[in-house]
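Paired with chain B in one complex and with chain C in the other, chain A is shared by the two complexes that follow.
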Partner chain A sequence: MSHATTDRDPIPAVPDDGAQPLLGFGEVRTCLIQNLAGLSPSASVALMQLTPGSPVSKVDRPTRRVVSPEQVTGVDCRLHVAREGRGRAIGTVLSHAVVTNGRILQGTAHAALASATAKERREWRHYLRQPGVVEVLGSPKPHNVMDGYLTDASPARGLDLASISDRIIDEVQQSDRLDHTTALRTGTAVVRWAATLAQEAKPTVGIAKSDIPNFHVIRLNGSPEDLPMLIRFCEEFALHEWLLTTVQDVIVPRAEADIARDRDPLDSLLFALNELAPLWMPPTHLSPDMKALWEAMESRTHYSRLFERQVARIRDLRDQVKIRPPRRF
Partner chain B sequence: MTAVDVSYDEMTQSARVEAVPLSHLSVETGHLYLEDFADGDRRIARQLEQAAPWLEAATKRTRKRFGRNARISTCFLVDDYSPSGPVDDQPKPSEVVDIVTTAADQAGFKIDYLAREAGCAIACERPYSGPRDQSPLANIVAGLIVEEAAVGANGSRPPTAQTGWLSNGERSPAVSVAMDAPQWEPPEEFGKYRHSVFVDIELWSQDSNLQSAERQYSCSLLSAVWQLLRLGLLRDAGKAVAKPYRFGSGEGFPDLWQQLPSITQLTSDAAPFAAYQALSVLPPHFRAAEHAAEIIIDHLRFDKAVLKQTADRARDETNAVTLPDNPVGRVSHLFFDDVHVTRND
Partner chain C sequence: MLIFATSDKGGTGRSVTSCNMAYRRALQGEAVAYLDFDFGSPTAGAIFDVPKAERGVDASGLHSYFTKHTEAQQLDTALHSDSDTLRDLPRISGASRLVLLPGDKDGGEFSISADMPARCAQLFLKLDREFDLCIVDLSAGRSYAVDLVLEATARPELAALTSRWLVFHRWTKQHILAAHGLVFGEKGLLKAGERRGHDPQKLNNSVRYVRTAVVDLGVDQESVTRPAQGAWLRAYDQKLREQADKLRMGRARLAGQIPYDPMLQWSEQVIDDSDVSGLKIANQATVQAFEDLAAKLSDERFWEGL
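On to the complex of A and B.
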């Protein structure tokens, strides 16, 4: 085995002996790290060392991406099933944190759902052998389970990946290594996703922007082997969606309002140009499949073009401020 | 236009797992506190004398199963983690090594490795080691614990293992002392067979008055670390930990226990310290802590690569060894009794 490993996220285990997963569920939260300065590479690695002795993965290019070891949470709960059917989910959920360029923090929780290998709950060590796999007792229809998960409320009635991804964000943000000062007041964006998994299935994506602010729902298709790629796709989508929303809905309107009131908007404009704009780096380099998936998504959403337009708008605002400096500081 | 295949890889720290040498059997011939050496060799002599016939039987059985060349190593654990007396009263490592070696000779066998319990909390591979070459093993093992999900746990609540306790079941709900106290409800073991054997294990304690106070790890957790070391299952970011150290002929032992490596190799031709099977021959008062250690090990998520590496090695032996999926299935114990012969001198 070669010692070199490529940019790959920790892969959720597909059960060795159990059934193939039928569904993949996940939730990604994206926010700014509560630290005034961007974190250095070593500080990012130290921050992501959530499990002592387990390796932190770090990739420098095209953006510096540092990923914590997977955390494991045991669950045994009823599924929230849409329409008809009941199911009990037993197993473990994985979660990890990601720091991008020492600025953006993501907390992500995910699980693969497979049919149970026994009629009753088994010994705990059985579930520990397949981290990230949740076995479903009962036989609810997969699309009902999927709709149930995607439409579950807060607090969750079924699997609560929202709380798990929230907790990992809190754990990181509360670290002593941070100064708990924000460089920019922004929100946390949530992406909830579910994937239908079937052998030979071609990857597809359907994105729905919810009427809840900063909340997106993604439905995906793919084969069980695609699951790690789909997880990564959702994380990348969440990151880019957060960047676009932050620039478009936070930085630009605030700067326009500041200019109108003769206040200085330069700090946040420069923050956007220097710290956020360079993070726009679609993950098309990862694999041909990821490239195809991302480009198909782009062709519908024109995200990159929208972002470019916002960045151009920020440059305009910056230039305006330079030409006619605000009177009030 | 021709398509050009370009690949770009970055090295990351992940996925590199160092292998450790393995014997067929590791026998723990005893476990004593530093204070036990205060009155010389009396306690250790008795311990080793009691262990000797079991060691002989285990050796015989292992050779019969895995061949004449089966590798067998012996070890002895000294508890220096929480000494009760002042440092000056402690016997020096060199004195203890002499006592142990002589007592083993008298019992008719050799002790290959001397380990210290504080070295299970924090592993040191060399004498006088500093923070750079130490591994916080107790922390690492505590971080691998995945608490068993209670029925109804959907992820909304944080795991309670963060409180320093691990149980094998559902705790009895807290009962208030008020007059209108709710009726008592029993705890329940997960996966019980008719009746529960509910165990709640304290993993560490911490002085709550001091924010930065270090965790004081329990004997149960340190026993789990010790068994995992003996099974060759612990790594620090993929690196092997607590490799045995053999002092050179002119090299003296340090004076303080904390300056000693975690595991000191005492014999020159010892078989590897870690093994496919670990047998502990111990006095009965260790039973509870060993049971707790087993429960802890049963709640750990192991690195798949490490488990696979060990299983592959075992299968590739001349006489292939099949290991159980469950690491606890590789550990056995013998607790001897307290019955003595009355001597009429």
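On to the complex of A and C.
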């Protein structure tokens, strides 16, 4: 890897003496906020104020999305490399939390991997100057590093973005601004992603199959400048994947079982219709590249159509309950 | 909801009863997490027949969660158990999941460091987001684990969670006294809870008792063969009842009574209706007792203040 000068690059992804990143790694966790009611806009902003003084970003439409300031975590660890090669990762990982419509919480950890700028570990202030960049000492092949990361078992070895995204979720969920009442029992979904970065590469996406429930793996391509867009894509994918899984695997089967056993399923059905269904808002408005990525994903998964079908099923179940309410003893 | 299962003495059948109670709740459609807090000798893996957790797992068990700050691994019994009963659970209509959070193989007791209660509360909160019911199997007697959960449940972030205690004891004079000491004694639950900020009255109201290995005089004719024997047993049973009443452990606080079942004495495992009706190796009364105990957990009238 050459010590690329940044003169030719219009938007340097890393500061002056840094190398161009070759890979982007990340992990997104998605769950419900542990609070009985949805949070107001101001409560969402207060909850996302993880670093006093740093700005919280807030967008109101099409859904209200509040994002915490980036947190910086220093790492120095061995990489888990598939097949052959070894490497040591030194640098900083960024993480932030996102609240959508005062209901859904996401924790994201991400880092850009670049070849080391020196043969040995440098002073920390060097790494701190490039937040979110992890330098790789040694010369493992990028595709081996990528496979090693994506197929890594839990508990994680190597660069442990899982723990960092998990920690930010726990930190937010423990906040004394929440009443810690679970509005609907659902799982936390994990999306682990890795992007191969190359100058002028077009953004593309591939969703891999995973046998582990609530765990998804995404492979992406793009240029280093695309990295923020790819991170956002993964967060949007994770949110929509969580919505679909929650209605399909939690709410509908539970309501069907409740109806079969003469229990009242209305609370969770209405929760799905009023709180979850309105959150289905594919991010195609954000940019042409985002639109292309999303549509490529949709063309294979048909997520929107599946979600519509589930929402229709929920309406059916609600209507059935209205016509023949469960027996009350 | 959090259910803490404890007993003063070992060998009460606390774990095997709790595991069966967990199974019955999952069968009824509740997502259940079973936490093996018996750090010294984890046993739930063996009862659920999970080979990789038979005596605890090699890494990332609950012991390491507290002492090494690793994640606590979750083993879905439908995927990791060798028991047909548990493997079949997802195929039963309306049933939910039963997940084991195992202990570590080389665990052992540990003293509580300053950050552990918060970490414990964090774990309970996290599980409550996903599971309807968390059953926490504590070791027999007063242990660090008991202090840990008392301290965690006194924390403000757990104020919204319902916590309930089941104290298991065998139906003998000594066991009744021991269970009474575990709750009301100088070093008992109530005193220890009060020191950590619990209201002892409220805490006592969240405690119920489970009598185990009770000889059922109506059913066990085979073991009660002589009239004199039957008469003596009935009289003694009455004496034990009076003792329990006096110690505030009487009927109103009785969550369940598990009959003596030879099969469970030899093989601690999860049993289902096929063990009763098909193989006929377990007694119907045992399965019924597990079912009744499971139903009691969420019977609000039963848990109202006394």
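In the analysis below, the second predicted complex is superposed on the first by the 312 of 329 C-alpha atoms of A that agree within 3 Å, B and C clash if a C-alpha of one lies under 4 Å from a C-alpha of the other, contacts with A are read in each partner's own complex, and residues count from 1 in each chain.
In the analysis below, a contact is a pair of C-beta atoms (placed from the backbone, for glycine too) under 8 Å apart; a residue touches a chain by one contact, two chains touch by 3 or more.
Bear in mind that the values here come from a model prediction, so they are computed numbers and not experimental data.
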item	value
Combined model on chain A: chain C and chain B, fit or clash	fit
Touching partner for A:124 - first (chain B), second (chain C), both, neither	first
Partner touching more residues of chain A, whether chain B or chain C	B
First, second, both or neither for A:185, with chain B first and chain C second	second
Chain B versus chain C as contact partner of A:34, first or second or both or neither	second
Touched partner set for A:163, first chain B, second chain C, both or neither	both
Which superposed partner A:61 touches (first chain B, second chain C, both, neither)	first
Chain B versus chain C as contact partner of A:257, first or second or both or neither	second
Included angle at chain A between vectors to chain C and chain B, based on C-alpha centres and rounded to the nearest 10 degrees	100
Chain B versus chain C as contact partner of A:269, first or second or both or neither	neither
Partner chain(s) touched by A:53 [first = chain B, second = chain C, both, neither]	first
Nearest-approach distance, in Å, of chain C Cα atoms to those of chain B in the combined model	7
Common interface residues of chain A - those touching chain B in one complex and chain C in the other	155, 163
Chain C residues touching chain A - in the complex, by the definition given at the top	29, 31, 59-60, 70-71, 73, 93-94, 118, 121-122, 125-126, 128-132, 156-161
Residues of chain B defined as touching chain A within the complex	8-16, 135-137, 139-140, 143-144, 146-159, 190-191, 235-238, 298-304, 325-326
In the complex, chain A residues that touch chain C	31-32, 34, 154-155, 162-163, 166, 170, 173-174, 176, 179-182, 185-188, 254, 256-258, 260-261
Chain B contact footprint on chain A (complex, rising order)	3-8, 10, 13, 51-61, 72-78, 90, 92-93, 109, 121-125, 128-129, 131, 155-156, 158-161, 163-164, 167, 285
